[in-house]
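One structure follows; several queries about it will come next.
Labels A, B, C and D are assigned to the chains in the order they are written; within every chain, residues are numbered from 1.
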Amino acid sequence: MEISMMYYLIPSLIMFCCGVYGFITRKNMIAILISLELMLNAVDINFVVFNRFLFPGQLDGMFFTLFAIAIAAAETALAIAIIINIFRSNKTIDVDDATKMKF
Amino acid sequence: MDQTIPLLILALPLCMFLVLGLAGHKMSHKMAGILGTLGMGTALVLAYTTAFTYFFGGNFVDEAGNRLQHIVFNYDWLAFTENLIIRLGFLLDPISAMMLVVITTISFMVHLYSLGYMHGEKGFQRYYAFLSLFSFSMLGLVVATNIFQMYIFWELVGASSFLLIGFYYTKPSAVSASKKAFIVTRFADLGFLIGILILSFYSNTFDFVTMTQAPGNVLASTGGAVFMGGSVLTWALVLIFMGGMGKSAMMPLHIWLPDAMEGPTPVSALIHAATMVVAGVFLVARMFPVYLVEEVALEIVTWVGALTALYAAIVACTQVDIKRVLAFSTISQIAFMVVSLGVARPELHEGVGYMASMFHLFTHAMFKALLFLGAGALIHAVHSNDFTSMGGLRKHMPITHITFLIGCLAIAGIYPFAGFFSKDEILVAAYSNSMMWGIWMTAVAGLTAFYMFRLYYRIFWWNNPDYSKHHHTPHDAPWTMTLPLIILAAVSCVAGFIPFGELVTWNREAYEIHLNYPIAITSVVVALCAIGLATIMYRKENSLPDKVADKVKGLWTAAYHRFYFDELYLFITHKIIFNLVSRPIAWFDRQIIDGTMDMFAEVTNKASEAIKGLQSGRVQSYVLVYLLGALLVGVVTVICMVL
Amino acid sequence: MDYSQFLGMKQEIGLLVVFLLVFFYDTFLSKKAQNGLATVTCGLFGLFTAYTLLCPSVMADATTFGGMYATSPVIATIKNILNIGVFIVLVQSVKWANSESQTMRRGEFYELLLVTLFGMYLMISARHFLLFVIGLEAASLPLAAMVAFDKNRYESREAAIKYILTAVFSSAVFMMGLSFVYGLSGSLYFNEIASAISVNGEVNVLLVLAIAFVIAGVGFKLSLVPFHLWTADVYQGAPTNVTSYLSVISKGATAFAFLVIMVQVFGAFYSQVWEWMLYALIILTITIGNLFAIRQRNMKRFLAFSSVSQAGYIMLGVIALNATGMASLMYYVLVYIFSNLAAFGVLGAIENNTGKVSMDDYNGLYKTNPRLSLAMMLAMFSLAGIPPFAGFFSKFFIFTGALEQGSIAIYMLVLIALINTIISLYYYLLVVKAMFINDNETPIATFKSHWSERLGLWISVGGILLLGIVSCAYNYILELTQSSNMFAGLL
Amino acid sequence: MIEEIFSNILIYFVVIPVLMLAGLALCKNIKQIRAVALVGSIALMALSVYVLVDYLQLRAAGETAQMLYTDSWQWFGPLNIHLAVGVDGISIAMLLLSAIILFTGTFASWKIDPMPKEFFLWLILLSTGVFGFFISIDLFTMFMFYEVALIPMYLLIGVWGSGKKNYSAMKLTLMLMGGSAFLMLGLIGIYYHSAPEGGQLTWNLVEISQNNAIDRDWQYFLFPMTFVGFGVLGAMFPFHTWSPDGHASAPTAVSMLHAGVLMKLGGYGCFRVAIYLMPEAANDLAWIFLILTGISVVYGAFSACVQTDLKYINAYSSVSHCGLVLFAILMLNTTAMTGAIMQMLSHGLMTALFFALIGMIYGRTHTRDIREMGGLMKIMPFLAVCYVIAGMASLGLPGLSGFVAEMTIFVGSFQHTDMFHRVFTIVACCSIVITAVYILRVVGKLLFGPVQDEHHLQLTDATWWERFSTVSLIICVAAIGCFPGFFSDLISFTFSENIFKVLGIN
């Protein structure tokens, strides 16, 4: 059985939506960060899949994915650093507590 | 004619105004008074010279013996379009020459008289400045070469009248009287202005000479245009006449004149009896050939005049304030002139009405000024305007008494006093137009005689009140005041014999005055009867007047309240204009228009408040909005494209 | 590989040199010498700025890495504009960087700042989405660290976490959009995408969504409504110098990059599509930004919302889709840099000296600190677009650029924008009112500001006063854009 | 280039105020400030008189160019924006007016307090805008100066004003800037339609009118934009509400300058931009604006009748009078437009006089409520007499400026061949009666009658600088009133010889 592109794209889309859902609903900042990872990975899958199925002759998508993974790693590192910083003072990483500035 | 003298006639009072107005407060009273009087005296001499030269110099008559309309000078002042130009000029023709004489004479008399009358008043210099300003304006008005020049001076006359009525500016009644006078005449002037606009739109000229020489041709361009049921020309002429109604206190725009008596009495004599108030008559006379084109307008003029004459005469019978009586008598007499113009037609006795009107204007100016100045002398002596606090004054003030009597006889139309001749001509004109007007005006003439003698008897006879509680008994005024009285009385006696018809006629052809005996005798008889009645009722103190008043109580009260015109106006101005127009508009402006503008600000602020929840501070809601925003932008665009 | 192609990237190399020098200075020099770091950085960057401004060779056209990177006179100019802004920011931050609390970290501050600038350079010059994304992330991730710089202040931390989370989220959305663009066109090169998507002459629904995502991703950095919600919190929380950097440099760079993407990638065929999106976004941005700004009492939040609405005006230069619009956009960024930095300069000076940031604290400022008040007033007038200050000219020109299209729709858009200028004038005047009109029992005491603050303000105020009246700046930019081939491929 | 610029005489109308600004910035005390303000305003007045005389000589020598002293220096080259200057009779009249009012305004603010230096700085900045506006013939430059003139108002009212000054200042500024928002759109629109297809687009007024390339449909869009834009400043109904509050709160000299000169920018702009560049639309759409301005005229007058604050009365009277300006401009014939310009001059002078007097009275009695004052004629005769004169000018007494202006407008408007226009003229005429009502109401209550407040009896009459300021204005008012031919020729020459040639109507 030929596995068509949709079999990859739909899970990636689901992953993306899960990421979004997680971002919006989770209260723990780490969980939010994980959701973000999901979203970024969904993007990565998209790129790879498009490259593999539609444009097999080139590597643009693959390379983009590589860079995206690196960027995601950097983002996570930075975010965790900031979360730790917050934890130090607030003793909590509940995102609802980080709402002092508003309106 | 040389320009210098006419120019000086106008310039002298103007200079006096400027000098007294700007430097008056640095001068002594006496100095200012004498300066003003001398200035006016010079103007008087110059005006007499001019008039004499015009009438008798022989240069101003064409081959057919008609007098010419002579433009002495005419400077462009303000050009609106090629043809519509306001010029300041000096038109010399019979009526303007006559008016020059009248104005300078009365004005000089008043200047002289005021030296005594206003002696010691605060603002004496200001008073003389205003008098000069008035004289200048009035002179400018009568010599106007075009209708707009007339309008200019018309306004100036109104303003100086305003200033003089409000001379005692700390007195609230004087202030409100002056306001009333200005606003009422201003309202009338609005009509005048619109009339000018309409007329000039069609005739494309302001010039009196052009307009009056061939009015038919000039106005041909109206092409019978009709506006709201009347031809535009009728509208124009009626509106212009409305201006005249305002100045000449024709009903229903007369209400300011009785109140205007709040001004110093000499002012009443000058402005509100002899000169300014006849401006309306003069205006119609000036435009007379144009009015002849549209006889409907003249009909309206007649009606207005006739009704006013009757109304004012009735009211005059009931007033107790001597100046008010005189004021209503003025209104009535001016109405005579207006009627006279209204009934004048070229085909009826060669337009005698016009001549009669001008004649009456002339004589009336003299005897009415006389009466007012006499009233001034009385007020000066008794310190009251009310004839109930007078009586029996003939012994105390003989000169005033005699001169006043002459004035009364003149106005009553008794031969050989001036009023007889002019009034007779008016009646001739009225009868020649229609019987109704003749009888009507004869009746009014009778009323005139009645109320004048009522006044006369109440002042000089009636009873002998005790004057000892006054700090001095009444006595004749100083010579500066009596001299004008005597002069004017003399003039009133003889003015009737001036061959007026040879001097002033509508087409400037000489016209032989001849008495129409039936009419003259009727009118004299009516007048004598009225005088007799007045003698019975008022010579001695008695209760007859009160009984009569009780008999016709409704009429009497209504007349005493001047038929409630003032109340009506008060209602219109305060209740309707102020409370129903101005206040709502001001409210509308603040609340609705301004409110709308404020509402924009308010809405902006409210919106700002309403959407503040968007910025909740919760990062999760931020990204939700973000994502929804992105999706919405995309999806809406897609939907729009698909559609 | 031809390494000489690196020579085409003169500005990047120059910036790198500055970065390395600062880095080495910070790493290797003695503790005592560290005190001079701020000044040295300013000096070095000043030299670099002057060099790129004056050296004609940076203006050369160049394309490297197989067309992934391109520079042209226009691009060099926008980078120069950014350099000027960065220079002012650096100068303004000297006092802050030398303050007690920052001594430990000031090296990082400058290094991070220069790195983000480098990222912006790449965004601007990118002609391939990979490079663009690298630039975008390089410009945005270090900023999170900078926002968190006052790590002992709670607001700073909260701002940082908000920033990093939303930034990554927006990157994800952006890249999601990109993946579809890639899938539909088969390339990440701008020009190849442009030719691929217009080949069959039909509008692809999926691509429209992708464009919406791309706009959202870039709109995040520009803080276009509704992608702006992080702005106010982050601006408020971040150290003032970082805020000023965020509000002008980052925004200016992204605006230009956005223009390039929209014109070069989607301009040929999809301009009709995204213009409508932008219409909506611009109206929303300007209006909502203004509405929020009205109520703010905290000056930093206030300026945040003001910068949101300013971004809307900047977008008019994109929507114009012509050389005038592009020049106006660049000019607007230039003027905006000076105006906003003047405002932030005053804000920073007051904050550094008294710690006050509320608009109510500004009441009666003119009585005690007339010069600061005047500078602030000029900044406000310039932001509001009052002549003869530069802001008037930039606003006028951006409207002129937009209206060149001449459709009724754009007239209506500009009308709405113009009506919004009234609201913006209102809140800018509130600041002026506070300083000049309102009475205050206890106004901020008179103080003497640091030389760096004054220098920064003098430069900004000089720019506000001269940039408009002295016409050469705009003329120069407009001539450059008119001769560029940026819009050559448009329909 | 710089030398070239300075060889043009008109540029000095901007240079002098700028020098004044520089001079003021260096001043140390009130005496120096007064000296700078005085010298500068006298220099401006001398300059405007010189330009007037020179202009007349040039015209007498047969110069028929539409604008004289024209010069144009490129500014924003690629957009074809120039610093273009040039004047015709109308601009010269306006320049003269501005110079006079600035001069008298200086005297009226002789004792301004607090912060005299800042006050004069803003005032002069405002007048820089005004002068710049009147000499410009380039739409961009014109607009720039226009806005320069608007914004100082905010601080002038906000800092030195009275009453609810914050509210008024904000409202005034925002509404006027709202107008200029429309205006900006209109101007840019005009620019993009300024030349026929393929021609060089231009901002230059004269060139645009010569090109005559704005097609009718666009005119229908751009004309209302520009007309309303300027109309807001000209206090056109319903955008006039900034005026009462603004004037009421403003300090004396600012009210003078604002009502006297700034509001004229509106009328001038309506004429110079909206009507001059888009005559067809002006002709077709005039009826809408005639209704609005006609309402302004009558409505303003009625509103003035019931106000109790002197400044409100005057502000509403300004609405009425300025409405007449716009009304007349819309009549599109030489006479009415000449009248409009004369009305601008006249209203500028007399309203400045009014505000100066109100300021002086307010400075003494500390109230502007007419119900609380009375009999001032007795206490301060000089001011009272001046007030009466101002009132007489306002209600159109011949010999003062109001009369000639209004009459020119009425006669001119009535010459319109269309019945609608003539009927509306009659409606507008009615304002002369209402004007009389509210003027006399004030004069009667304020100046005449018994003294209301015992404390007022101690008050003094005008000081020398106040006398100087009022007398100069009265002289100007009387000069226009007595010799209107001079001004009307100055203005109408511009119309008849040049503008209508371009418009091709009348």
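Keep in mind that, in the parts below, a contact is a pair of C-beta atoms (placed from the backbone, for glycine too) under 8 Å apart; a residue touches a chain by one contact, two chains touch by 3 or more.
Quick caveat: nothing in here was measured; it's all calculated off a predicted structure.
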Set of chains adjacent to subunit A and to subunit C: B
Chain closest to the middle, measuring from C-alpha centroids that were averaged per chain: D
Interface with more contacting C-beta pairs, comparing B-D to B-C: B-D
Separation of subunit B from subunit D, taking each centre as the mean of its C-alpha atoms, in whole Å: 37
Separation of mean Cα positions, subunit D and subunit A [Å, integer]: 64
Separation of subunit B from subunit C, taking each centre as the mean of its C-alpha atoms, in whole Å: 77
Whole-Å gap between the CA centroids of subunit C and subunit D: 42
For subunit A, residues that touch 2 or more chains besides their own: 23, 32, 95, 98-103
Touching two or more other chains - residue numbers and ranges from subunit D: 174
Shared interface positions of subunit B, touching two or more other chains: 601, 612, 615, 617, 619, 623, 627
Those chain pairs that satisfy the touch definition: A-B, A-C, B-C, B-D, C-D
Touching residues on subunit A, where the partner in the complex is subunit B: 20, 23-25, 32, 95-96, 98-103
Residues on subunit C engaged by subunit A in the complex (per definition of touch): 129-130, 133-134, 137, 141, 144-145, 148, 151, 154-155, 157-162, 164-165, 167-169, 171-173, 175-176, 178-180, 182-183, 186-188, 232-233, 236-237, 295, 301
Contacting residues of subunit B [partner subunit A, same complex]: 612, 615-620, 623-624, 627
Residues of subunit D touching subunit B in the complex: 171, 174-175, 237-238, 240-242, 244-245, 299, 302-303, 305-307, 334-335, 375, 377-378, 392, 395-399, 403-404, 407-408, 410-412, 414-415, 422, 425-426, 429-430, 432-433, 436-437, 440-441, 444, 447-450, 484-485, 488-489
Contacting residues of subunit B [partner subunit D, same complex]: 76-81, 84, 86, 148, 151-153, 155-156, 159, 166, 169-170, 172, 175-176, 178-179, 182-183, 186-187, 189-190, 193-194, 197-198, 200-201, 577-578, 581-583, 585-586, 589, 593-594, 596-598, 601
